[in-house]
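Next come two complexes, and both contain chain A; in the first it sits with chain B, in the second with chain C.
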Partner chain A sequence: MIDNITYDGSVRGHRRAEHRLRARVRTVAEAYALLAPSLAGFLLFLVAPIFGVAALSLFDWNLMGAPSFVGLDNYRELAADPEVWRAVLNTIYYVVLNIPAQTVLALLLALALNRRMRGGKALRVVFVLPWMAMPVALGIIWSWVFDPRYGVVNQVLGTVGIDGPNWLTDPAWAMPVIASVNVWQYTGYTMLILLAGLQAIPHTLYEAAAIDGTTPVQRFFTITLPLLRPSLFFVLVTNTIGSFQIFDTVFVMTQGGPGGATDVLNFHIYQQGFQLFRSGYASALAMVLFALILLVTAAQFLYFRKRTVYDFS
Partner chain B sequence: MKRTPITRIALYLVLFAGAVVSVAPYLMTLNSAFKEPAQVLTTPAWQPAFPVTFDNFAQVWSEYDMAGFLLHSLIYAGVVTAGQVVFSTMAAYAFGRMSFPGRDALFWGYLATMMVPQIVTLVPLFLIMREFGLIDTYLGLILPTAFGTPYGIFLVRQYFRTIPRDLESAARIDGAGTLTVLVRVLLPLSRPILATLATITFITTWNTLLWPLIVTNGDATRVVTLGISALKGQYSSQYHLILAAAALALLPLIVIFLLFQRHIVRSIALTGLK
Partner chain C sequence: MSRKIALSAVAAAALLSLAACGGADDADSTGGAVTLRYAMWDEVQKPPIEQSIREFEKAHPTIKVQIELNNWNDYWSKLQTQLAGRSAPDVFWDHVSYFPKFSKEGVLTDLAPLIAQDKVDTSIYDSKLSEGWKVDGKVYGLPKDWDTIGLFYSTKALKDAGLTPADLDGLTWNPGDGGTFVKTLQKLTVDENGKHPDEAGFDPKKVKQYGLAMQAPTGQQDWWNFALQNGCTLQDKPWGRWTIDQPACVQAIQFVQDLRLKYHVAVPATVTNPPNGPSLDQVVGRGEAATAMDGSWMLRAFDTALPSGGFGVADLPAGPVGKGSVYNGLTEAVYAGTKHPKEAWELLKWLTSEHHQKAVAQAGSVWPGITSLNDVFADAWKAKGVDVTGFKKAAEGTTMGYPLTEAADVYNVKALDIFNQVWLGQLSPQDAAQKINTEANAAIK
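This part shows the complex of A and B:
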């Protein structure tokens, strides 16, 4: 209390510093208090498992008894396992069926919607409707749509005299059918992100280019595509990461069949880890999937970094 | 740009075809779920149900625990959504509006984990839950995502940073503490983003298959994704039943989507612009 009536500068300064320090300590304490629940969840359920899986991949453990350390044996085994290579190739095949089709379709729709038009807003909502569907329910619906006898697809093909294949039991067709679920589900979502990117391109650029006598096709390749690259990059990276993790539709529609034709990495990991209880081996496989995703993402970053025009606003 | 009537018509045709393809699977499913079992197989999917019957729904409702599946999913998705909104908001305030040692490193750590595929964490996560004795319990089901995901925190933090700091300073001068500022000043302004986060979290959790498949195995915790995929495994050719079940599983999503479609459409459009 005495300090309050002391007009000596040094004491006052000292008080002020102490006050500031106390306020700072309180802010930091408050910040960590606000952060505490999310941080606890983050460390326990995300960070610990990530380190845990790397450690587990060096053990042989059927979830009973004691785990035994085997070094890199799991990795040696998976490198020599033809089923693993098939699963890797199947996963890549799925991504390749998926991403280009979805991106090109989305881009075409976005270009068509990128103008003032009646019903444009309602159309956007309609195109995003597939995005929220439950993949498990879609798996059921697609199994019906592609049923060789009772499905819509073969009924339609029948009306024009084509005898449709047994889609999901035909090794050549099963994967494209599964990929079509994902293309259907995410094209509208991708379209919306690309549309936002298109709308951010200044209109004056097109007007100037039109005055210079360019054709619409030239304008697409010299203005639209280069300036859309940040949005394209975003959808390609995030959709590719998502596609590598395909599981639900395979689980519902084919269980990896016929004859392993749709046995993708995620499904293979699930079987090894939770049906055969080979937790160490499944962990090593999970590390392989993670590495594969990192590799592809890094490649996309390198490719786009060279060619992307950033920051045009 | 000049447009001839022909290109305009072509554009509308493309968009119309896209719209039809987007809604057709939903409509055909609903339509067939109202058909009599024999008609599901003998009439084309686009032919309207006549006579309309509710028997398929009644059957999945009474012979299978469809009500239970839906209720369990509602509990799962409801609690996770509540936790996500509350804890993401708290963390987002700390990351977006306060300064403390370790903030940037931690935030980058959160962002980095968004690259990690979900399956990577599943084996250890299962072991953690087994260690705590939480296999086949709601706690085990809910805990991993109930404390706020990096995605949720990122979304809210970005939004908080667009709110002017002056509003907050004014409240501070009036003697408001951190919690008061957050609840009274920031939250009322953040309703759109919180609605978006809640909607997206609910939809994602409702649709989740893999984690419930691993951590639960009993009737009391069976969520709708597990329930209907088991039905499909058992009655793969009884389309009248499994389509009715699929329609029931999709219905809550469609209601929520139509209620919040404005928020959803805007938030998706924004995700690419960051």
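This part shows the complex of A and C:
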């Protein structure tokens, strides 16, 4: 009682705090309850396998017999394996072919579609359609398109007197073909994100700049590009990560060939794991890919962090 | 994007295989019917087999057979993954190059007790075929078929060059100047101006028709044959170490590269390299090559790709040490972990029975494993005007089997990649042979 009188306010304060805490606990609990299914999935299907792969990379295991612990042997072997380096270079080559082309094309498309025009919405849908299609099915269809004898590409080239190359069996062409298929497939998606970014830029900025007598080109470089950074950052990071993991198109169209010209890291991992059944070595390679992506993503974060403005108001 | 896809694919595959297992069990408990899974890799052979299996199902109303077809490359990675996951097909085609590994891992059913119990007469099979599948008194498969390599030719291309099929008889090659084999192929190779490779003004970049087409993921249909004809052995002994870096072997590899890059008489690797190049029946069918080295299992494909009477088969040329062809046979095998061993054995008996193999031979699909049926196969092709007895003569002559090794996986995967490069001219035969030899031998424990 006395306490009650003396510390009336505080107690009430305590109660309020307690109440708030309880409410908070409840909200958090609710949040977790709602998150639980996806969290469980995340832990079970993503986090656990990552640790599993990290552990497996220290073993020698053909999936059938008992795994034997080999320490860092797998890593030592891959460091000395020229095919691993070829796969790393092939992967980087693919990323270099893919990302700039895809980003620039998507940006141009987004700029073109960022205006009111007849059929603009329909066009947006058309550009996004490839992204929604199945990569494996697309790979098969593109293989037909690039067939040296019966494919559309060489037939069209033939009509203008060009003898088209053997796209998928010529080592010089195989990778550019793979890259162009993926550029075609993912440009629409990238365009969509950039378009959203463009539409978030306040129009008043352009009006003010126009009054100041700037040219459209100046406006693009001083307003559009800087303010589009968050979106560009997002597409560059996610697309680069995705590109490093290229697998499906290679698997369907070239199987890493001809002569290893499209043997990218992820395909090499598959080959070691599921054709040669060296799951430990394949896991070690997967860790290398992981580290490679982590490095590149970290570099992108560092580069963009300093220069990105998120708040336009 | 790709990882997500790969993950979901793995998850979906896992679910599917669970569902598949569940499905089979359900069938067991409900209708009393058992569904057997039968795996194979050759689409060309499937139709007559499927037809015969429908008959089998009629004779065995409680057994259903589901055929699982995957191409050569996918077949082995899929089968081995299924074996590791204990969900392999009940009955499947087995190949010599994977047999050592499988027999060691205990994934094949020993048929010896079943053969004794049902008094199956195994003397009807060519002993050359059945012997290789026995280890320590255990029998891990019964012969399905056999094959050798021949020189398929387009009759039209031959005629256009003023040659007759008899001109393809008795050809010889050597590592020095290519011999009469190369001379003949030069006559069959024409550029857009009608010039041959041995004429001045021949343009190797604008060839209309090549003399020869070759394509082989392992070497079976191309350089192994030249290797045998040149006195090379791929291994020091069965189950032993690879020896393809020996001079006689390297010369054979060099010769195949020369046919493309030096003599310009063979279709370039940018067209034929596996796994993406068109199959050789297509290459000859389009008129891009006059002849092709290919296996007897491809007869039906050539028959489809070329007009009636449009092709024939000649013997392979002889090399410095004589004639010779790669000889190989497949077996039907039962998975050791099958849930339906009795039914699987019934199916295997059917597939290796005279009745089934006769039907397949009559369709001209493959040379049968049962010796007495060889004539059925030969007659089926004779009726179509194709003399296929050369394959049989080759089988009776000097042959080389598939190497018996536990390192078949490594050899097969590396060979595909490395020989692609050799045929393109990116790697020397010597370096390639050494590389494969080292890597394949390193995988032997």
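Some points to look at:
FYI, the second predicted complex is superposed on the first by the 268 of 313 C-alpha atoms of A that agree within 3 Å, B and C clash if a C-alpha of one lies under 4 Å from a C-alpha of the other, contacts with A are read in each partner's own complex, and residues count from 1 in each chain.
Methods note: a residue touches a chain if its C-beta (ideal position, glycine included) is under 8 Å from a C-beta of that chain, and two chains touch if they have at least 3 such contacts.
Quick caveat, the model's predicted, so the values are computed rather than measured.
By the touch criterion stated above, A:Ala110 is placed in contact with neither chain B nor chain C. Of the two partner chains placed by superposition, only chain B is touched by A:Phe127; chain C is not.
In the superposition on chain A, A:Phe234 makes contact with chain B only, while chain C stays out of contact range. Ranking chain B and chain C by residues of chain A touched puts B first. Of the two partner chains, neither chain B nor chain C is touched by A:Ala87. By the document's definition of touching, both partners, chain B and chain C, reach A:Asn266.
In the superposition on chain A, A:Gly197 makes contact with chain B only, while chain C stays out of contact range. When both complexes are overlaid on chain A, the residue A:Phe42 reaches chain B alone and has no touch with chain C. Of the two partner chains, chain B is the only one that A:Met287 touches; chain C does not reach it.
Look at A:Leu276: by the touch rule set out above, it reaches chain C but stays clear of chain B. When the two complexes are laid over each other on chain A, chain A has residues 45-46, 63, 135, 143, 149, 245, 247-248, 266, 274 in contact with both chain B and chain C. Here chain B touches chain A in the complex through residues 1, 11, 14-15, 18-19, 21-23, 25-26, 28-29, 32, 40-41, 44-46, 87-88, 90-91, 93-95, 98-101, 103, 106, 109-110, 113, 115-128, 143-148, 150, 153, 178, 182, 203, 206-207, 209-210, 213-214, 224-225, 228-229, 232, 236, 239, 242-243, 245-246, 249-250, 253-254, 256-257, 261, 264-265, 268-273, going by the rule given at the top. Touching chain A in their complex are the following residues of chain C: 1-3, 5-7, 11, 73, 76-77, 80-81, 83-84, 105, 107, 269-278, 286, 409-410, 413, 416-418, 420-421, 424, 426-427.
Interface residues of chain A facing chain C in the complex, by the touch rule stated above, are 45-46, 62-65, 135, 143, 148-149, 165-166, 168-171, 186, 242, 245-248, 253-260, 263, 266, 271, 274-277. Only residues 27-28, 30-32, 34-35, 37-42, 44-50, 52-53, 56, 63, 108-109, 112-113, 123-145, 147, 149-150, 152, 155, 184, 188-189, 192-197, 200, 206, 210, 216, 230-231, 234-235, 241, 244-245, 247-248, 251-252, 266, 269-270, 273-274, 279, 282-283, 286-287, 289-290, 293-294, 297 of chain A touch chain B when the two sit together in their complex.
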